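Structures given as structure tokens follow.
Shared between the two complexes below is chain A, which has chain B as its partner in the first and chain C in the second.
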Partner chain A sequence: MAGTATPSARRAALQRRAGLQVGRPLLFLGGGLALLVVIGFLTLMFGAINLTASEVWSGLTSDSDVFARNVVWQIRYPRFVDGILVGASLAVAGAMLQGVTRNPLADPTILGITAASGLASATALVINPQIPQWGLAMSCIAGGLGGSLVLFFIAWRGVVSPVRLALSGVALSAFFGAAIVGLMSSSRTFLQTSLGFLAGGLYGSEWTEFHAMLPYVIPGLIAALLFAGRLNVLQLGDDVAAGLGVLTDRTRLAILAVCGVLTAAAVSAAGMVSFVGLVCPHLARFSIGADHRWLIPLSALYGALLVTAADLIARLVIAPSEIPMGIITAGIGAPFLLYLVKYR
Partner chain B sequence: MEGLTSIRTRSWRLAAIALSVLLVAAFAFACGDDDDDDAGSTTTPTETSEATTTAEASGTADAGDAAYPLKVTDLLGREVEIAEKPTTVVAISPTAVELVYAVGETVVGRSSSADFPPEAQEATDVGTAYQPSFDTILSLSPDLIIADSVIQGGADYRQPLEQLGVPVIFAGAESYQDVIDGLTLVGKVFDAQENAEEVIAGIEKARDDAKAAIEGKNLSVVAMIAGRDQTLYAAKDASYVGDLLKITGIENPASSQPDAGPFPGYSTLAPEKLVEYDPQIIFTISPGSASGAPLLSTLIPNIPPFRGLQAVTSGAIVELDVELFLESPGPRIVEAFAALAAAADKAQ
Partner chain C sequence: MKLTVHDLTLGYDATPVVNGVSLEIDAGEMVAIIGPNGSGKSTLLRGMARLHRPISGQVLLGENDIHRMPSRAVARTLAILPQSPSAGLDLSVRELVWRGRYPHQGVLQRATAKDFDAVEWAMDASDVTRFADRPIGHLSGGERQRAWIALALAQQPQVLLLDEPTSFLDIHHQVEVMHLLRRLNHDGMTVVAVLHDLVLTARFADRVIAMRDGRVQFDGPPHEVFEPRGLEQVFGAPMMVIEDPITGLPVPLPRPAPELCGFAPEREANVASG
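On to the complex of A and B.
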């Protein structure tokens, strides 16, 4: 076919394909953003008590209905925005970890980074139950960074192999997880809230969590985007990557550090949510392929969608009571993981 | 041709990435402006409550208004300003609900498990004490929220509660003194100090009666609860029931144990330790009994190491009421003292 096409037809075909290269991801991004807005509006409307669409609108835009305004601005909207940040952080961390370990089963929970952040959070709360949210976020960041650095150095033996990284992660996850349970079984601070913390949930989160997370999430996401190119190169194998000028070990260390920060920021607000980092990068890969320059933003979007949708379901299932959102993400993620193991 | 398409897609990509980041950032910063954190929360509700009550307030302006606005310090040490006498109160724990009714006021919203006094059951259920629904609380348009300093004293409850734009006071009880302080606080808040003092006087009398009944008996008692995994925990002085034991002059051998276990004021009780203590009476509290779990008092005699205890052989195992001694410490401490005095007779 190519041989018989005229030069103008070939040019047209190339332009079409170039358009498709960009059109497809933009389509998914646009569609995802639209879906996010829809979920957002549903979140504002439904919950322990339901607001009508017009009440939500007046709550958003005016002071006239004080009750609607408070529910929208002090309870539901900040919780929705927190969900976006948590979902985006975890999904991007998962995408980067899958890239850096070249293992489709990698995510912050499996590699122990969530547990490390959780341990730091639990320790901080035990030491000071009244710790302000920004202090809690800082402790989580320390834990997440510490966990990812420990992970790197355990897996480092002259050079870091993806297999060793994955294995070390599993061991660290078990270790930190046990430490958390040990801390909980002997500390009054966790008696009431342990389920929400262990499963992951956004109950009670509002603007303070948002402000505490933001300084870590935004730079983390930007850094992830900047690393996207190098992640692409790492997929080609360490030798090829080194040949192309990528410092594989330093890049891996930097990527792990960014993953640690993003995961920790999410854990500080929502506890130990699992499977978001596992499911969303794969969904993004189904959508637009493995180019990390599109994979990272699309994973972030899918993560935001998953967490906010799960939170909405969590608040509706047994309304007016609620279950931890992490139960829903695990309920979706675990079967997905089994599917991955079986068929891919 | 190749160069042309790659430049175009590269700039498209950069544009899309920059747009997404800017979108999130703009989204975030646009909303971030609107929050009111910290103590600023008390200023908004005064306007709303004044707006709704100006009609009634003008009539009774002279008599009651001398007391308001007032500043109270709640049981967490927080200073809260109360602009006017609260009329629409939501109390989100059993203790808080009982404190309100004890001084003669009513609530419009209560926690799920708060079923005493019977009038309280008419109030709207706003969720359990461990997971109050903030939406439902707000839907009742309260002018005061009373939370529990023991259950909800941590930052993860305080922060969202303070953001609701309604004055919040924390009053809970982990000891006899807490009950007194809670009553005094609530009495002040509702300008019902006389009612509060009457209730306190009744409590002091009940305490003295119990002390008199128990004096001279030299009782040693271990009070136990069982966790869901059947682990036994013994009450120490820091727990509510331990404090009551101490005040009535009952000796509690478990009070010297180190703190261990998730229940505040309780310590994991090893079976050997209970055998060593061999108390004259065993008090048991069974938290799961309402949902059908067996009573601890029926289980203890069947546990082999305990069969030789003097409390078991003489039948001196007393099941204490879960609400009075664990779930709802508060003005019903009067009944708790009476129960202790009655139980003390079992040893003799």
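On to the complex of A and C.
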């Protein structure tokens, strides 16, 4: 049979055997997108005041029901897309960090990048409590980039070892976290919102958050995709990667910077959401394997799913009041981390 | 393609490990680098593959300094298999070998027919096709080493550098790996390997470079380099050389210390004189 196959059929067979067929990743991407649409519709329906499906539909598509239109377009829909950006950013940052450190426990929270962004955000709010959202986002970016650079240079000694990177991250995370709490406890005005900020959540998130995040998230996600091939090779160890033509330290620095930007963008809108960057890349890896060209987009989708679903739950458990969304992601993420530590 | 090492000094911090080494390795040679632990042989090999930035001197691939060439361009001509590479244990052999196409692929480019052919050839040449879909972590030592060699072959290099490709393998798998390297060399690939096993070196290398204290002590075909006096100088241990009854090639061995091996001194004298 092999002898009679045409070259293109033979190549297709090889392609199938190579595990490079796009079917499985596309299946997960498609299924995830469908689920995201469902979560989106539920997000539009349920909240402090529940709307029926037909009210949501008329709010979405017509001006007849002004109340429904406002709830849908001004409150719930922007909050939903904020959740997508936050989740995608954190999950992609986590996927890249796990790849670049070759450490399955790496994520923006554990490596201190979330805390560095949060410290910058808290500092900006202390200096100017009326700071516009785009300004807050910019200071978060500065903090996130600064945190990544500090992480890189502390971990540097000729070459950057994954172990040193992870240990430095733990120390930085504790340090920045303590600084945030110190800053917040010394400022009276914060006590109201600081709890939500520390746990992470999308309380009151609107279009301004979306517009402030977008200029960082879109380039960040594109950069992540462009680094996918290099991440695939870095997995094999520094010497092998260098032998294959990757400039390992320069690439690691660039990847950390992208992670800093993505994490900071998420923190600017949602505070210090934890565990999204840890859990989602693992779920994506369970789904489709370790090829970063698929792992990065699928992590982004899983991150969006986790954050939007967690936000929906957070708004519903004690409706009409709500709990910080980060409590839900931590409630899922912390046991998952323990599972990884014990069994992987 | 010719590989030229010119007055190369390599080291960690300021302490030189390789000290002013000059070498020329012509296209199609099969070269072994030997020497005691800490003699700088691995460092020299890594320096030849631009994994180590020189303190002074240069390495030329063809006409070009490898540190001035784009790193991916070097990787399309020269492949290195570092010592006992780890990690990536969740990958199948096939996924591992595909990573070897990295220097040939553009950032957003899809795999081409050339990529498929190169991967297929690399897996066939190193005889890993049978277990191509098994995870690397589940392979035996010999299979795993061949899978890593297949990764290097997928680069389609003209020069292949290997750092101790046979360590931790049993004798059967050692010979298997050396046969593979010999075949690749026969088909025109330049092969340079750091080897610990002197018997395998004598059997398979056309040229032996013996290093000591960061310098090249001897450089020549096995029958020239493998004579007792020279080996004793290199390794600082009493050596003897017997003749392989089948190939006539030298077989270097440590000279027995009679009081520790339970040999009578007169038998030792017989071997040395015979």
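The rule is short, and it goes like this: the second predicted complex is superposed on the first by the 324 of 344 C-alpha atoms of A that agree within 3 Å, B and C clash if a C-alpha of one lies under 4 Å from a C-alpha of the other, contacts with A are read in each partner's own complex, and residues count from 1 in each chain.
In the analysis below, a residue touches a chain if its C-beta (ideal position, glycine included) is under 8 Å from a C-beta of that chain, and two chains touch if they have at least 3 such contacts.
The shown structure was predicted, so the numbers you read here are calculated from the model rather than taken from an experiment.
**Student:** May I ask you to decide whether A:57 touches chain B, chain C, both, or neither, giving the answer as first, second, both or neither?
**Tutor:** In the superposition, A:57 touches no partner, neither chain B nor chain C.
**Student:** Quick one: classify A:232 as touching chain B (first), chain C (second), both or neither.
**Tutor:** A:232: touches chain C, not chain B.
**Student:** Counting only touches as set out at the top, which of chain B and chain C does A:47 meet: first, second, both, neither?
**Tutor:** Touch status of A:47: first partner only.
**Student:** So in the superposed three-chain picture, is A:81 touching just chain B, just chain C, both, or none of them (first/second/both/neither)?
**Tutor:** Touch partner of A:81: chain B, not chain C.
**Student:** With both complexes superposed on chain A, which partner does A:289 reach: first (chain B), second (chain C), both or neither?
**Tutor:** In the superposition, A:289 contacts chain C only.
**Student:** Answer with first, second, both or neither: which of chain B and chain C does A:175 touch in the superposed model?
**Tutor:** neither
**Student:** Once chain A of both complexes is superposed, is A:322 in touch with chain B (first), chain C (second), both, or neither?
**Tutor:** A:322 contacts chain B only, not chain C.
**Student:** Between chain B (first) and chain C (second), which, if any, makes contact with A:246: first, second, both or neither?
**Tutor:** A:246 contacts chain C only, not chain B.
**Student:** So, does A:218 touch the first partner chain B, the second partner chain C, both, or neither?
**Tutor:** In the superposition, A:218 touches chain B alone.
**Student:** According to the contact criterion defined above, which of chain B and chain C contacts more residues of chain A?
**Tutor:** Ranking chain B and chain C by residues of chain A touched puts B first.
**Student:** For chain A, give the residues common to its interface with chain B and its interface with chain C.
**Tutor:** Shared contact residues on chain A: 11, 14-15, 18.
**Student:** Quick check: in the complex, which residue numbers of chain A touch chain C?
**Tutor:** 11, 14-15, 17-20, 102, 158, 226, 229-230, 232-233, 235-237, 239-240, 242-247, 285, 289-291
**Student:** For a test of understanding, state which residues of chain C touch chain A in their complex under the given definition.
**Tutor:** Those residues of chain C that touch chain A are 12, 46, 49-51, 70-76, 79-82, 85-88, 90-92, 94-96, 98-100, 102-103, 105, 107-108, 111, 113, 116, 119-120, 132-133, 151-152, 155.
**Student:** Which positions of chain B touch chain A when the two form their complex?
**Tutor:** Chain B reaches chain A through residues 1, 5, 8-9, 12-13, 16-17, 20-21, 23-25, 27-28, 31-32, 34-35, 37, 48, 125-128, 130-131, 133-136, 138-139, 141, 151, 153-160, 163-165, 260-264.
**Student:** Give every residue of chain A touching chain B within the complex, in rising order.
**Tutor:** Against chain B, chain A makes touches at 11, 14-15, 18, 21-22, 25-26, 29, 33, 47-49, 66-67, 70-71, 73-78, 81, 84-85, 88, 125, 129-133, 184-193, 203-208, 210-211, 214, 218, 221-222, 225, 293-294, 297, 300-301, 320-322.
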